[in-house]
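Should a chain be cited, it is by its letter among A, B, C and D, assigned in written order, with residues numbered from 1 in that chain.
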Amino acid sequence: MKGNYVTIDLALVIEKLVLIIAVTFLVWVAARMIAMADRKWLHPSPGTGVKDISESLFGATPRLLVKAAAVLMLVVSIMISTVIPWGEAVRIGSRNVSLFIARVDIGVLLILAFLWLGIYGGIAQRWSYVKNDRIGALFRFGSLFIACALAMGLAIVPLLMLAASTDLQNIISLQKDAVWNIFYQLPGFLIMLLGTAVLSKPSFTNDGRRIAGAGFGSVNAMYNLTGYVLLFLMGTFITALYLGGYEIPFVSDLALRRRFGVNVLFILQGISFSFKIIMVVAILLWTRRVLERYDESILIRWGWKLIIPAALINLAGTAVVLVA
Amino acid sequence: MLTHFYVVLAFLLFSIGVMGVLTRRNALVLLLCIELMMSAGILLLVVFSKMHLTHANSFSGAQASQGQIFALFAIMAAAVIGITGIAVIFAFFRKTRSVDINFLNRLKN
Amino acid sequence: MGATFILFWILSTLAFAAAMGILVSKKELYSVLSFIVLVFAISGHFILMNAQFLAIVNILVVAGALGVMFLYGLILVRSHRDSEQVKILYMRIAGVIASLLLLIVLTAAVSKASQNEVVLRPGTWIGHVDKIGEELFSRFFVPFVISGLLLLSVLVGTVVIIINREPAPDPKSVTL
Amino acid sequence: MNAIIISGVWGVAMMLGGVLFRRSHTTVFIAIAGMILLLAGNLMEFFSTPLFSFDGFEMLKVSSFGLHFNTIAFFGTLLIFLLNGKDIETLGNHSAEYFSLIFFSLCGVSVATSYNTLLTLFLGIELMVVPLYFLVGSDNRNLKGIEASLKMFLTGAFFSAIILMGIALIYGGNSLGSMYITFISLGKVDVNPMIMTGMVLLLAGMAFKVSAAPFHFWAPDVYDGTPTVVSSFLSAVVQVGAFIAFYKLFSTTFGQIKPQWQTLLVTVAVLSMVIGNVTAIFQQSIKRMLAYAVIAQSGFLLLGLISFSDVGREGVVLFIGSYALGMIGMFAVISRLPDYTIDGFSGLGKLNPGVALFTSIFLLSLTGIPLTAGFLGKLYLLLGLAAGQGWGWLIIIASISMAVSAVYYFRIIRAMYFREPVHPVEGVPEMRVSFRWLLGIIAAILILLGLVPDILTSWIYY
């Protein structure tokens, strides 16, 4: 949106409001469905944790704070959806409605920032729930989280170098009718998958398993839901970054649009997008289950000693290739 | 939006930070107040960058972006100061089991 | 003008309230949380001024990284509770008066700058990420490298001051 | 530019070398080699053969004035390494990292002497002092060190924020919207309140960094609490860098509105000289005493900024050279003494006549006795003032404070020659032959500069 400014009128406001509600609803439904799939098919393991809530470090009223943290985490996760483009456009009457809530030139960074803010939720959760070795739990969580988030950030940078833009819409349109980014950036894609798998599970770690199912039923449910929302939205984000987003493979989107018009294209693109997202989310769910077997300290070690160096090497290699 | 609103806001934040540094005793809160002062400075830099852009003089608009880049470096400097502070405060805490800066007065004689 | 004006006042009130929260809250935890709110308010101001990149960097670096550092510092420190000593009253009053004087003097000094009364106009390109990137790697390359060295020195220094292989002294032996 | 690149690279190399060389002697040799390389590179650039050249868009402007002071700072650091290298190693168990931090700080010094924008000024000062927060607290066996570190950090960060605010106001006030110090041309527009406010804030911050009087309160505690090597580095090198940044800022950027800041700066200088010299008399610890002496000296240095003439500039050069050398020598001697009070010096004249002689020369130079470099430095500064109008009272105050400083400096000389040793002879640490030779060389340089000042001052016109 360089230079030209969209004039704000009533239709635009209504359009955006409808879009926000629709997207939120979509995210909600998707998260519930993923949760159902997770519990049903990938075998449930109900957490058997400590039942009592230990007294908190910060005085007598932690409940409000913890609840507020849970709600905030959910809201922040859903806010990722504001910068994801959900399709090209829809034509209603004589009006072209673009399918993003806000197109900002820093979309990728915005998503990273919202993802990074998730650490506060984790801290609040562990601070209030874990009883034994609370400080150790907090530090292990922080170490794991920072390793994953840092590796994801480093994995995205080569992609931004390729696309020369931080606008998600630009990144998608660059992949349209061209080679997907995954063929240039396979290591980055894998790192993103791993990182998302670890970050999206609020009770991933050992401490997490110990605290799962502890009191604060609603709060815990909210944390779990946040995890699934994050899973879905990050799956969408990864699809947009590496798999061409709503682009339809093997077919020229431009030709389709000329032939069938915008609305049909939107439906076809929606199908393509959903298919890709389902694939990515399935892989993510499976990765989550696999990783759950490993001890948290091993994950931390992998994160710092394997994945971050790999991301750095990927970055350096891409830079060398781009310059040469 | 007049620039003066922003200037007054930045001064308000700045002097609240100064007040915190002068009245609080907890080293961590002191550090937070210093970060608050730096935030006020950063806000002012961005405001003036915008202000200069509307009044581009003999130099091109590129000159005005210096303020924003300075703000970027200032954010980095704020992070540097914060991390340094936490490291030093923790080292101090490990020796004295306290983060109260009243302890510092013992150095005098 | 309207929407910007209203947003300005909302964000300013929020920033002021958060700053007061840092100042007056008894518990450090609430100070840290107020600080995070303040960072968001200031980022909101940045967005109002069309400096989105700075806004997001502010959130990422200060609220994301630095706030977490503060929280962890707090966890380490508050896990050993001790009674907080209160500063002597007249020192407090002196501090309050001094900073209020500073505020008055600063505001009075700048209020005379009538020639600089300039209106902010929304919508310019300089806050955009590609422009900032270009500037950062051409004209501001030297400061960029220097700031890298600054970060590196903090890294080294933190290792120096925190990691010591000698056993820490017994806390009881420290005479206060 | 040479100095910045070499010191940065060498700092990184030392940091990585810490993994490879666990044996600490190797690190000292590498550090000394790096220091010699740095000095050589700086001199090469001084004689107009820069090793690196790239377009920095005038962010840094290397001038012979700044390079001259770089040379003094690097030579001082080399002397510190040669005299007290072993002390730096034994601060804790990170011998290579300490040197690495010192190299980063030197990089900051060379940025602060050659900046051309307010941005590089800010970053240079930060890079100069941030490693020092850590170095000051590096002796983790000593509680005082870490307390000093916290105190220095809290005050330093506070004033960094004030400097940032000042810079923001200056940026907002000048109509060109430029950060380049030469473009903030104040003579052309009428005096702008915003720039004036920013300048006052900047003055406060910079006065803190050179530990001038109303903002001096951190210095004595920090100098007292840190390991002696670090106080030596602080007093001799960092002070120099900060003062040159100060000098450059006020002589170029604010040069045209001198009447506005002159009164403030005179107040700061007078307060520094009076408070520093008077309080120093009552100190028991020699390190504290020297810290107050540093405060007094920076008050004296500010006179060079007030006078603003060629003689004053020569005086600044000579004064900085003599003062850095004298401080390095004094702190080196103190680091070898059994205690830091006046008792440590008692009877040194009998125990170790050579070192006592050299110490006396340092003290005489710091006091400003004729035939030493310190005398000529102070003389030139006062002559520079005398060239202007109406500074008679300031010259008188400066002279009186010089006379007062003789009281506490001569107390040490008296203790060395006219008092019996307090500590048993076994308690006195041994001073190696090379150490004594180095002290002798410093003393010789001080005398030489006192006789032929041109060998230092003529280079500022190069």
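The definition used in the following text is that a residue touches a chain if its C-beta (ideal position, glycine included) is under 8 Å from a C-beta of that chain, and two chains touch if they have at least 3 such contacts.
On a predicted model such as this, the values are computed, not experimentally measured, just so you know.
More C-beta pairs in contact connect the chains of B-C than those of the other pair, out of B-C and C-D. One finds 30 Å separating the Cα centroids of chain C and chain D. Averaged C-alpha coordinates give centres for chain B and chain C that are 5 Å from one another.
Put simply, the C-alpha centre of chain A and that of chain C have 28 angstrom between them. Each of residues 57, 65, 72, 76, 106, 110, 116, 140, 143, 147, 150, 154, 157-158, 161, 174 in chain C touches at least two other chains.
Annotation for chain B: residues 3, 7, 14, 17, 31, 42, 47, 49, 51, 53, 55, 64, 69, 73, 77, 80, 84, 87-89, 91, 95-96, 103 touch two or more other chains. Annotation for chain A: no residues touch two or more other chains. Pairwise chain contacts in this structure: A-C, B-C, B-D, C-D. Against chain B, in their complex, chain D makes its touches with residues 117-119, 122-123, 126, 130, 133-134, 137, 140, 143-144, 146-151, 153-154, 157-158, 160-162, 164-165, 167-169, 171-172, 175-179, 221, 224-225, 284.
The part of chain A that touches chain C in the complex is made up of residues 2-3, 5, 57-59, 104-106, 109-110, 112-113, 116-117, 119-120, 123, 127, 134-135, 138-139, 142, 164-166.
Residue ranges of chain D in contact with chain C, taken from their complex: 4, 8, 11-12, 15, 56-57, 59-60, 92-94, 97-98, 100-101, 104-105, 107, 111, 119-120, 123-124, 126-127, 130-131, 133-135, 137-138, 140-141, 143, 146, 149, 169, 172-173, 192-194, 196-197. By the touch criterion given at the top, residues 27, 29, 36, 52-53, 56-57, 59-60, 63-65, 67-68, 71-72, 75-76, 78-79, 123, 125, 128-130 of chain C touch chain A in their complex. If you check the complex, the residues on chain B that touch chain D are 3, 7, 10, 14, 17, 21, 27, 30-31, 34, 37-38, 40-42, 44-45, 47-49, 51-53, 55-59, 63-64, 66-67, 69-70, 73-74, 77, 80-81, 84-85, 87-89, 91-92, 95-96, 101, 103-104, 106-109.
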